[in-house]
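First chain A sits with chain B, and in the next complex the same chain sits with chain C.
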Partner chain A sequence: MKQLFFSLCVLASLQSTAQRYMTKTGTVDFVATGAIEKIEGSNKSVACLLDSKAGSLDFIIQIKSFVFEKQLMQEHFNENYMESDKFPKASFKGSVTNMTSINMAKDGDYTADVVGKLMIHGVTKDVKSTGKVIVKGGKPVLKSAFSVLLADYGIEIPGAVKDKISKDVKINVHCALDAMK
Partner chain B sequence: MALAMTSSCVALKAQTEDLEKLLDAGNKPQKQYVHNAFKSSRVINGHSMEMLGKGVLDFRILHRFGTLSGGYHELFGLDQASMRFGFDYGVSKNFSVGIGRSTFNKEVDGFLKCRIVQQSKGPGSFPVSVLWVSGMTMKTAKESDAVRAKMENRLGYYHQVILGRKFGSAFTLQLSPTLVHRNLVDSMADKNNMVAMGIGGRIKLSNRSALILDTYPFLYGGRSGYNRIPLSIGFDIETGGHVFQLHITNTRGMNEKAFITETTERWRKGDIRIGFNLSRVFTVVKNKEASW
Partner chain C sequence: MGNKLKFTLVMLTVSIIAVIGAWKYVNKASNDFSEEAPKATYTFKEIMDKTSNDTSGLSRLVDELVAVKGVIKKVTKDSTSTTVELGDSNTSSSIICQIDSRHQASCSFLKEGQPVCIKGKMAGFNVDLDLGLGNTIQLNYCSLEKK
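Let's turn to the complex of A and B:
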């Protein structure tokens, strides 16, 4: 028994050549367009780490890296809504619950069930969503689309602009990960 | 079993800390510029240490009503109004130009504004923002006097250095020594050059409103008994693409030459006016940068 366990451990360590996948240049976009003008931000320096063995999945997003077409909108996003000096990062810490059904060695599209803690504007919430893992040549691309309610994360919309901003913000995630050594 | 769960939890925790560590190892702390020292590129009358972004056009409408001391008969000054409207444009992050026209003396003005250093935090930081502003004014009102009607005698100039610092997130203070030159003055008692030390301050009341102060005590060239210290106090209110500045002031002119050298009314006598500045920005060139 002991020997079996030991050999399993050795085996595990041998096949663990690529169990961690990472990027620092993932993309997270969001759309909060209300009744009047386009409100869209894009962040192309999202950090993401997937451990295919442990099934853990993490994201870290610098709020100040969101880019808007309108500079004033970007300023208001940082200054008035996200308060990026006080809360510089958003993050997700969680896991892929069906990791066993995703085969990193085999090309294909897999559905991933994800649970974890989403932190935005200093407020952490338990979330659950599904995404896609597209494996090609041993590298996964993660894709997901979900929405969050601004009120859940303590982001206030003043009365004067309440028609301009959607209370329900649509978020798109697209991260192409590389295997880590 | 319990042990296995605990260990997997520990593993999960270790993993999440990992990403932060991995990022911290790769990223050196970076210099960060300080933004939003003022809501607008003006304190009230004078220029602020803030710049317009690249490709941003700011349409500004400024109003100064009559004096409150006019009383009920003049509806406390609301019967009369003096105005300036103008366009400012951000050529780049650190360089803006602007033009405007005031009803007071039918004066046209234009300026160049350049940020030499921006206040920053982190490695290689600088504690203050330093800006340079130069402007020119021209009276276009009809003059019956042949000398006064001459082109060169209608002109005035101003040069200004702005030193400003945002302390924490709620308080901003700036000093702006200013030289105003008038090619022709009204009286023998006036000097062609006048120097004033602008003082501008802001206290943030909420994310969208602030208390502001703008004053230009003069150091040289003021005619005693005539020139008074321009002093304005007001609120900044921000709603989406607009900044609305509501204030009370003893100034009537709305360009540097006019409000520094032509303020003759006194707070003490109740010769103060209600005024407002309305700023509406338009994005001409789309933004592509994260550090706005």
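Let's turn to the complex of A and C:
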């Protein structure tokens, strides 16, 4: 009985002291609703790292990993808008400023205030957003939804379709993280 | 039939063909690579070694169809997608394969620890220097290599 209690205590302490959580199969989706059509892309190979002690949060996104239903959309996305041969990655490097109010040892939904530098298309901007951290069984799931203006990141819309394509893009983030071994 | 009517009919036919062609071009589904032969086949170790020894060689594989033989480290599923991570317990480096939605059903049995050969279009790679995530190679539009 004593041994079982000791083992449970060790297990509980190991779980509660996990500091770094990561995934390489996080999801980032985007939607741009324009007058011509809705442009949607999805990337399920997003790398994300959260250090719950330091509060640091990192994302690395391979631009060519966005997949589309239509071939032409994918080509235009990579060649005309994101120039993915020239700028193959997007990234976010920042922190969760209220990390102390998120208890990784207790299941629940927590609001996360996030600040950091978002780099898209070779342009880096300071951003501030809120998201959710859903803790279940000692593992966090990060969720966030925000918009970015294409012009802020130097992404030009060709003149012929300028008025028919949305100037802002809605982005959804969903990353289920595992404790790093 | 008068010449004017003939001309009108020809123009109408050409216009209809052009519209159908344009519609098909714009709405063409993304390529399905499941029946195409890969440019090259690697073991997990062979291709991961390139992330530290031969990044220029690896860069030449971007946008190419490659097949990788490896062991499944993790399977991530949701209602619309399956993503397979190839790797092993000795390294945090891994290959992320986004399964083509048209081949979800044939990949529904995949599980951790299973040896597989997966082919997909290489989307890129990341050499990790500071985060401790290990190096990563990404493949898109993946399917199981049958051969």
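The criterion applied here is as follows: the second predicted complex is superposed on the first by the 164 of 181 C-alpha atoms of A that agree within 3 Å, B and C clash if a C-alpha of one lies under 4 Å from a C-alpha of the other, contacts with A are read in each partner's own complex, and residues count from 1 in each chain.
Going forward, contacts are C-beta pairs under 8 Å (C-beta built on N, C-alpha and C of every residue); 3 or more make two chains touch, one makes a residue touch a chain.
None of these values were measured; they are calculated from a predicted model.
Model built by superposing both complexes on chain A: chain B and chain C clash. In the superposition on chain A, A:Thr25 makes contact with chain C only, while chain B stays out of contact range. Within the superposed three-chain model, A:Ser101 lies out of touch with both chain B and chain C [touch as defined at top].
Applying the stated contact rule after C-alpha superposition, one finds that A:Glu79 touches chain B and leaves chain C untouched. In the superposition on chain A, A:Lys64 makes contact with both chain B and chain C.
Once chain A of one complex is fitted onto chain A of the other, the partner contacts of A:Ala160 are limited to chain B, with no touch recorded for chain C. When both complexes are overlaid on chain A, the residue A:Ala54 reaches chain B alone and has no touch with chain C. When the two structures are aligned on the shared chain, A:Thr111 is found in touch with neither chain B nor chain C.
Residues 22, 24, 47, 49, 58, 60, 64-65, 67-72, 74 of chain A lie in contact with chain B in one complex and with chain C in the other.
Contact residues on chain A toward chain B in their complex (touch as defined above): 22, 24, 47-49, 51, 54, 56, 58, 60, 64-72, 74-76, 78-80, 83, 85, 93, 95, 158, 160-161, 164. On the side of chain B, the complex with chain A involves touching residues 8, 11-12, 15-16, 18-20, 22-23, 26, 35-36, 53-56, 169, 207-208, 238-241, 281, 283, 286-292.
Against chain C, the residues of chain A that register as touching in their complex are 20, 22, 24-25, 27, 42, 44-45, 47, 49, 58, 60, 62-65, 67-72, 74, 88-89, 176, 180. Residue ranges on chain C touching chain A, taken from their complex, read 25-31, 62-63, 74, 76, 78, 81, 83, 85, 92, 94, 96, 98, 123-126, 131-133, 136, 138, 140-141.
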